[in-house]
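Two complexes come next, and they have one chain in common, chain A, joined by chain B in the first and chain C in the second.
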Partner chain A sequence: MPFPPLLRYVLRRLAISCLVLLGISLIAFSMAYLLPSDPVTSRYPDITNEQRAEIRRQMGLDQPLPVQYARYMASVFQGDFGKSLGTGNSVAEDIRQRLPATLELATYGIVFGLVFGIPLGIVSALRRGRMTDHLLRVFNLGAQSIPAFWLGVVLIFFLYFQWRIAPSPIGRLSPMFSTPPAVTGFLTVDGLIAGKFDVAWAALRQLMLPAFVLGLGVVSPVARITRSAMIESLQEDYVTFGQALGLGFRYVILGDAFRGALVPIVTTVGFIIGNVFAGAAIVETVFAWPGLGRYAVTAITTSDMAPVCTCILLIASTVAITNLLVDLSYALIDPRIRHEYAR
Partner chain B sequence: MNAPVLAVRNLTKLFADAARPDAMPVGVRGVSLEVARGEVVGLIGESGCGKTTLGRCIARLLDPDSGEVLVRDVPFSALKGHSLRNFRKNVQVVFQKPETCLNPRMTVAVFVREALRNFGIVANNAEARKRLVELASLVGLREAALEQYPHQLSGGERQRVAIMRALACEPELIVLDEPTSALDVSVQAQVLRTLKDLQTVVGTSFLFISHDVAVIRYMCARVLVMYLGVVVEEGPVEAVFGRPAHPYTRALLAAAPRIKPRAVDPIALRGELMLGDVRLDECPVRVRCPLAHARCVEAPPEFDLGDGHRSACWLSADTASRSVSPTAMKAAS
Partner chain C sequence: MNMHVETSLPSLTPAPDRKAGWWRTAYAGWFGSDPLGLFGAVMLALLILMAVFGPAFVTHDPIRTTPQTLLLPSSEHWLGTDHFGRDVFSRMITSLRIDFIVAGLGVSGAILIGSLLGLVCGYVGGWFDDLVMRFVDIIQSFPLLLVAMVLVLALGPGVTSIVIVTVLINIPTYARVIRGQTLSKKRLEYIDAARCSGASEASILFRHLMPNTLSPIIVHGSLNLAAAVGNVAVLSFLGIGIRPPVPDLGVMVAEGTNYLVQGAWWMSICPGLVLAATIFSLNLVGDCLEGRLDPHRSER
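And then the complex of A and B:
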């Protein structure tokens, strides 16, 4: 055997992911092609038909779809994702500028969601059928039902306009502060690295509301799956065994029951991460967050197809990689699966 | 003899059927029993007769509705919170299904070490390791199995691990809830032999729950026969199984397959257990008992047949010395 079994498994999964991404690129590209809006008309509304034909020819838009797709993919493999008509920059450059903003927002949102969702789920499972459980269920239902765009606007209205608790929703950092030198791309972390605690604090305050709104969408699915998985694993004989031994909370609830519940929780979190990146578009628009989501939304509304395709590919790759990581994490969580993979 | 390791007094734990609120609740009704130090007591009865419920109440995995559980004269059933948790190590349970009672995500060593560490039985890892090896040899587990996960072990080995973990915190009493019924017959014999040898070495008291007459006969010195939440007959194994006084015990023995012809004249119960037919104030076996007669509409007390052999049947009053033990009367009323 040339590779150890686990590595072979990873390689096989990566190969499958590549095929999936190729398929997605095809769909994204054809979608851009088939849409009725014409990028040339939307960019230059006041040109003659001859001029339009000339520009189309220059841009290669007169070629048949397969040729255009092949050209597109050839340049993608060279790291060239085309040029954004809206910003005038290359898409790669645009994304390099915006990706850290989205990553920082998503990270804080997901961490917030997990930090609250998992304990809520555990508490619900432990207090199953009691008042606490019912109250948490109502809270979850509410958290899931409230649309992010509405909540974002309401929070801005009260916390900023009315009470001045939150800073104004003008993106990652107020212009009063200079951006710290980029190390991680996370302004909060870069601020700390640069020793400018006021900048880090200001960036954190800017993040607070959008991360809360984004994270609230994570809390309730995580809490619900944690609750149901914990209820199941709490009924396992080995949990009862631990209770009979008089083992403490740390062993019985966290060591035995929560570890037993971890596989479905990680699976759900994997799904949610994909959703968070897609959902970031709304939150970023509401909070004027200079991230990928808003970039994609702007590109879609202006029929700027190169960024749209690239954003779709990026989100699809995120989902594919997350899924692979989730599958691999099973092996860490559960030795039975580890031995299964190794076979 | 000094205080019994376990004394159960008039323990009741009933479960009502939520779907049929008018049906008779099942569970345990006013059971009393004692287990002396180093004694192996059997608890036998058919499925649903409450033997597992009783075992779980004794281990405080369930809270009894009424009655008390004394462990070395400490009211285990009244303990709460921290003192309850600390006391739990004195009563351990071995569950029926060895495949589910081990944490699939821990190696045997880690799983058993939790028990050792929790009560500070061992000071450090080296000592824990030494104790683990000792325990493994005690329950007949090969040392290599310590580093393996439950799914890499056989059913018999898994049950040995469960016994090992229960034994790790040096309990006064182990409740074995059908520990071998999920195993192959050949493995059953090995595990039973290990348990028996182990019991003579460590001297821990066992409450051995089973539905298998042969297993109880092999393991136990004394046996309690349960039917529908009450103890119908109890006493030394030779007496109860050799000269069964209660029709239910006779039917139970008759139902057990044997190679040699049985000494007892076999009887069989009628039909199946229908909870709706049973009334609370009468003998629980009456509906199905072939020997039932007029007196059976009143629940019989336990009649003492001598040598600790007691039977809750009106007929045993005729065959026995007719001496009704006052404590048994009180327990049954």
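And then the complex of A and C:
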């Protein structure tokens, strides 16, 4: 009983998220068993059967699977994700080094996508059926159709190799500059904080192309959903009412209509965040960006299990938490939903 | 009392104009007078023709290596040669066929299994429906590319596992769509009529219900095929999809990136252009069909 409905909804949603996270950890754990290669044999190729049994015992591989899973989860909660065979470091350390690079890239990419996608969608909705709308539709379909990896290659070829406008695609900062002291982990911000504007500018130049390629994948889904949500909310009575009152564009379109359209847009953005991480794997590979995506791809291609499991856990938890936040934000964004739960 | 038959309903589609040519009727009927849809369909038809008949006319072996490496495009090699002296144009045409086959098989498999699953879920309902749909929810909330990468890792790289993975990641779309269709159709009168006339459950499901749930599949199919072609290429580009020496557009772009420094632009730019054109044409066709089937969008 005594929980108010909104709180009950939040608690139920939290419980579902916990279940999903549990399921994900099981999947990540069982990945190690789906693989054809045996971890002991691949690490120590020429040993006798007795030695193999001894190593398996030391590694705990002779225990029943539920025990192994419990041990794995216990070490995960202590921040121990195992060791990467590729880099020789602990996975936790590898990820600590690479996470800021991916976060910076993803942030700029998403911001770029939203800054262009939302206005494009609003304009399409307002000019529905006109030439502008058709042109934007072609642009959206085009942006959606260009493979990101190829676009990256084309941009590098023309802007770097041919015209020398862009800096060379060698990661976050050219070796000519020393990395500013880490505060936020974002080189563009850290550079400003340290007062080294040339470093911040150089980091921004390195970021431009990869963030553009990543962001272009965000523009078209955002523009699409903004268009359809705006078309719907423009037909609402409160928008007509606002227009009848003679309120201006800023109030009616950007205030009322856009606010009414926000729920589907936030849902889509939440969904996109997961895709941005997948897209980062591609963009980071093309632009030699030292981030998580490239780390995951390298681990996958070399069957390096500890990083693969950790990356699955990390990305999947990010997606699950994003979905949770998106669901919870509905009540915040839309007073009608809040009202429904308040009853 | 006589049964009243409503005859004065306004016709939803204008009567075909006899004077207009057959092509105009077809254009209005199939593409909803959407020039972009027609453009996409023509482009797609050309690409499919190229994939089907191209390899028979190709003059060079797409896999055999020759000493003439990194040649510029010429009358002999239309798009130049790659780092192993293979003709880029021949490889590109062969890749296009392979990518169409892999993505096509994958999407068809997903349509088959997903539709069946959706049909049964929608018709039977209950705990089975709940279980399958929650599973679909969870799968769909993850980025497909990530799911695909993990599955390929589990199955081992190769053409077969790419097909299987394409099937698996696309099943949820069709399961969901067909389930929704089934739910909306199973209470209709013709189903009751079939049941009253003694049709078996299987007959109701497959003879009466199924044919009426299939129309959204063609929309999702073409959009899905676009995404599948892209996904196959991305996986191959990252080195976990189709592996060399089997030609694939993603592999070709990946190989070409190493030779951009030497100015060999034709190696990666040309295959990527064909890849983009393929995805673009499928998206155009899918978008046009979506507009025709979805009443919310038809009034553009």
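Worth pointing out:
We take it that the second predicted complex is superposed on the first by the 291 of 343 C-alpha atoms of A that agree within 3 Å, B and C clash if a C-alpha of one lies under 4 Å from a C-alpha of the other, contacts with A are read in each partner's own complex, and residues count from 1 in each chain.
In this text, a contact is a pair of C-beta atoms (placed from the backbone, for glycine too) under 8 Å apart; a residue touches a chain by one contact, two chains touch by 3 or more.
From a predicted model like this one, the values you see are computed outputs, not experimental measurements.
Partners chain B and chain C, brought together by superposition on chain A, fit side by side with no clash.
In the superposed model, A:Ile333 lies in contact with chain B only, and not with chain C. Residue contacts after overlaying the shared chain place A:Val297 against chain C, while chain B stays out of touching range. By the touch criterion defined above, A:Asp256 reaches chain B but does not reach chain C. When the two structures are aligned on the shared chain, A:Leu247 is found in touch with chain B, with no touch to chain C. Once the two structures are overlaid, the count of chain A residues touched is higher for C than for its counterpart among chain B and chain C.
Seen from the Cα centre of chain A, chain B and chain C lie 70° apart once the structures are superposed, a value rounded to the nearest 10.
Within the superposed three-chain model, A:Pro66 lies out of touch with both chain B and chain C [touch as defined at top]. Overlay on chain A (Cα): least separation between chain B and chain C is 5 Å. Of all residues in chain B, only 59-61, 84-89, 91-93, 95, 97, 100-105, 107, 114-115, 118-119, 149, 151-152, 162, 165-166, 169 touch chain A in the complex they form. Note for the complex: chain A touches chain B at residues 236-238, 240-248, 251, 255-256, 259-260, 333-336, 339.
For chain A in complex with chain C, the residues that touch the partner chain are 20, 23, 31, 34-36, 128-129, 133-134, 137-138, 141-142, 144-150, 153-154, 156-157, 161, 228, 271, 274-275, 277-279, 281-282, 285-286, 296-297, 300-301, 303, 308, 312, 315-316, 319-320, 323. Residues 36, 138, 141-146, 149-150, 153-154, 156, 226, 230, 233-234, 237-240, 250, 253-254, 256-257, 260-261, 263, 265, 268-269, 272, 275-276, 279-280, 283-284, 287, 296-297, 299-300 of chain C touch chain A in their complex.
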